[in-house]
Amino acid sequence: MVIMAEVSSSPTFQPVLERIAAEIENTPGRGRPADYIPALAARDPRRFGMAVAEPDGTVYGVGDWRQPFSAQSITKVFTLALVLAGQGDPLWEHVGREPSGNAFNSLVQLEYENGIPRNPFINAGALVVTDRLQAQTGDAVGALLGFLRAESGNTHLAINKDIAASESAHGDRNAALGHFMAAYGNIVNPVPVLLDQYFHQCSIEASCADLALATGFLARHGIRADGTRLLTRSQAKQINAIMLTCGTYDAAGEFAYRVGLPGKSGVGGGIIAVVPGRCTLCVWSPGLDERGNSVAGVAALERFTTLTGLSVF
Amino acid sequence: MVIMAEVSSSPTFQPVLERIAAEIENTPGRGRPADYIPALAARDPRRFGMAVAEPDGTVYGVGDWRQPFSAQSITKVFTLALVLAGQGDPLWEHVGREPSGNAFNSLVQLEYENGIPRNPFINAGALVVTDRLQAQTGDAVGALLGFLRAESGNTHLAINKDIAASESAHGDRNAALGHFMAAYGNIVNPVPVLLDQYFHQCSIEASCADLALATGFLARHGIRADGTRLLTRSQAKQINAIMLTCGTYDAAGEFAYRVGLPGKSGVGGGIIAVVPGRCTLCVWSPGLDERGNSVAGVAALERFTTLTGLSVF
Amino acid sequence: MVIMAEVSSSPTFQPVLERIAAEIENTPGRGRPADYIPALAARDPRRFGMAVAEPDGTVYGVGDWRQPFSAQSITKVFTLALVLAGQGDPLWEHVGREPSGNAFNSLVQLEYENGIPRNPFINAGALVVTDRLQAQTGDAVGALLGFLRAESGNTHLAINKDIAASESAHGDRNAALGHFMAAYGNIVNPVPVLLDQYFHQCSIEASCADLALATGFLARHGIRADGTRLLTRSQAKQINAIMLTCGTYDAAGEFAYRVGLPGKSGVGGGIIAVVPGRCTLCVWSPGLDERGNSVAGVAALERFTTLTGLSVF
Amino acid sequence: MVIMAEVSSSPTFQPVLERIAAEIENTPGRGRPADYIPALAARDPRRFGMAVAEPDGTVYGVGDWRQPFSAQSITKVFTLALVLAGQGDPLWEHVGREPSGNAFNSLVQLEYENGIPRNPFINAGALVVTDRLQAQTGDAVGALLGFLRAESGNTHLAINKDIAASESAHGDRNAALGHFMAAYGNIVNPVPVLLDQYFHQCSIEASCADLALATGFLARHGIRADGTRLLTRSQAKQINAIMLTCGTYDAAGEFAYRVGLPGKSGVGGGIIAVVPGRCTLCVWSPGLDERGNSVAGVAALERFTTLTGLSVF
């Protein structure tokens, strides 16, 4: 059902995308790419792409919108959806739904709260979700890749093995989180198995077009691209709410104010966002601000909601 | 310009309010009134009132909607608006805009972040805002009362002196917060002066009608009841975003999911909420859940957004 | 019974004191006086005095050993002794006896442990002790002054009112601690009353001779200068143990290693120390290291235990 | 040079040991064995043994003093000595020497202090020491076993493989600590290698006689059983000071007061202690108090210092 629309055929979102791209082009200051692993650090911070997908699968784009990039934490939205679909509310006994109020990898709060992470989008919470997806499917990354390929219609969507290896080599903090929660009995799989799944999950590469399309189920209130139901309407609303309050690390408040949409960022420079019932977006530019969000990405989304009036506020 | 509409004259919101009130009436379990001061603990948890105000000042109500109750933390929205109006962005050097992720009166995070509270709605942040309003006006509570009376059209709106005295007598934790921030140089006034203002501010009594009307400037994108501008459009949006991400203590994520509106609760059992451009709401019922939010109040707002489709998601 | 021995009459400790003073004289680097209040900051860091008192009240001294200085936290030892003498073990329900492992004024641990400070020598713990002494006597500072005058034989020993006023003016952090513990029900008196007592207690001025003599009860296993019993042998041992493990802020481990005696320092630059059964010491030099202990004072005590072999290790 | 004296030949410490054993025999309440791994939980809490070794290697004992038990954290003293001997002061850039003031496995303080543990006797600090011993020797456990065998004269001293496997199976919290410090760059070896060494180190079994003899270098101011120097006098003093302030988990203050000797406990129920220049002790009884120290062991040491007057206070 996915219709990869030609740019020229779009009457609706194409002009606003092009206007935004032109404005971004003239904006100085792009932040710096994530530098904790070399493969991410090498990205040119002036790259920029943006795509909008309508619920029927029509997709518009501008700039590097077909260029695959490292999805990183954006994947946390999809694993969350797959686990909610498969297991429902019992998930919330293992991870909370409230903002964390600390740097996204802090252990303090986790100790304070007995190994139950605050929400599924901080690293600890994402590890719990991936752990449960692994228990649910026996192959968390395979299930995730299958979902993303089906929703995006891009069967070539894949893992960047070099980035996965690099994540693993620099993964001590996530390993600490995993073992720490295991000590509280909040991890099902052996921690090394979980970490391997998690680092591969983060290393999936996809384009703005792919991710805008894959996010479509949140604009369609839980319905997948093929018309089947993944989530209840209520579950879709729940994920949107968590994205709005927890989706952009320690800048959720500012993102809510500036952009006013449920969104989820990744340190690869991508951000997805949802206008429930109307469309989904994905923007990519590798330069990050000090809180880990794409500088040009946030700016572009802010312009989008300003120009279209599609903010929630 | 405030038009206190008779209940019978309302074609729009009155039926939904009455349906909600009927449903709430049949709901068992109301939580428990705040018990840290006797004056609040004595309230009957089955009391219930709800009001909706339209941008033009038309107001609808049901149940105890004209009954004054202790506004408590709801007042934090109005002091924030008055300080933003008077001082603008420099306020954000003294208080953040991000969710706190801890119990609403925790000192740990404050120490971690050198005396700068996470947001204006945790107690520490509200003390900073009141401190700045006191510096701005020389009489923070007077300024606040004046504003609330003007916006609500209720010139009798006043402080409950017994509750103020009781707050002061049980105010050690807020005193600790005030002195602690003063030690970091983040308080302008003498701490006892600030605390006195703060405890009086919390002890203002107003009805659902009063508070729904007083919140109107947030639905009108910054315009006061008399048509003058209090805040820029951007500042009004900013307050709405902070309400959505930080307005209900440690339950902002759940409130966003269930209600999906910018809201602010108080331990007196009141909650205000905003549908930007459309209306403002205030609901009151004294029984609280374990996180300090009115049980029937949250339920009523959830029903409102479900029945009217006016959620942001 | 106090015998203020003439320097010349001492066969035992006088030579070692003079040797230490000579060595200290030639030592470069003295640290910096405490600068949080002007009255302390003005002190010349090259001042140095040291006194040793034998159990029979004979006292030896060198340098500025008769010069009064601000006793500050050294007074915490004496208030602890008076409360233990008056109330016994129930005190330990309100304050612990274990090292704190944090900076001496941290609130984090206090919140973690529900308002019960770790030990009587961190500020929070000292506030609890002074609070209980106030409840016990109705005049904590009067009781303390009376004790110090009796033990030292110096009836002129007094409070420096300027320093007390300055402590109060810069006392927000202690005020925060007091109110915070009051919120947990761990403070008996009104917090402002307690703070006033506490700031006056810290502002007592005494000389090395005075304080070495006043500490004598710890060398005499609980017996006062007049031969009456203040503490049981066990209580005296208890205070010595707390001094060894908690007496020098966040440097107790290093002090134990270098000096190897129960000791208590103050930010006025004084340090008292105990050789149980043998003697008590007080050294003074205003320059502090980064953890708040007198640089020359620690060095002098280290030389003393090395030269006399009187360390506990 | 080790002389395993027959019990009957001892004029000095044998009577006091027998008196203590008789008193302990009549003492009700022994606490509970550690239950985090089955091999430890199975121990009979009424087992009791105690040994005293003189600097010349003469050893006295009573009860189960020749019965091997799980040394656990007692081994931390010996790895610390071997690393100080091999690397000297640079060790202190990687681990502190101050009391921790928290439960012995807390992560909060470690995060607060950037991956540098407070002292070598909390688990995090012991991991750092073992990591450095592994780097120093290529076989940390082998080096440790060699040292213990040489000092005790017991060539059969060995690891309990079942306990090591059980430690590893329940080792998530230590794994978290290891990875967390690795993330701060404070671990040299691969974390799994380090953990394997650490769990084997903890699983060494030795008797009271073995451990009292092996501790002898601390009573001999750094000299090994064969007369060669392991540590400088200053380093030996340093270890004694750390034992006194940090050797008994979160009960160092109470241990200092009750026993008044440098000591180190393990969850296997053993405690070693040092009377510098005079003797070393080891006591064993598997029942623990709520802070992880042997109930009968602390009681026996307290009686020893009371009866002999050999306390440091």
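By letter and in written order, the chains are A, B, C and D; residue numbering begins at 1 in each of them.
To be clear about the criterion, contacts are C-beta pairs under 8 Å (C-beta built on N, C-alpha and C of every residue); 3 or more make two chains touch, one makes a residue touch a chain.
Keep in mind that this is a model prediction, so the values were computed, not measured.
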Please give the intersection of the contact partners of chain C with those of chain D.
-> none
If we define chain centres by averaging CA atoms, which chain lands farthest from chain C? Would you check?
-> A
Taking each chain's centre as the mean of its CA atoms, chain A sits from chain C at a distance in Å of 57
Distance from the CA centroid of chain B to that of chain C, rounded to the nearest Å?
-> 49
Whole-Å distance, chain A centre to chain B centre, using C-alpha means?
-> 33
Residue numbers in chain B touching 2 or more other chains?
-> 108, 112
Per the touch rule above, chain C residues touching chain B in the complex are 106-108, 111-112, 172-173, 175-180, 182-183, 191
Chain A - residues contacting chain B, complex | 96-102, 108-109, 118-119, 237-238, 240-242, 244-246, 250-254, 256-257, 260, 262, 276, 311-313
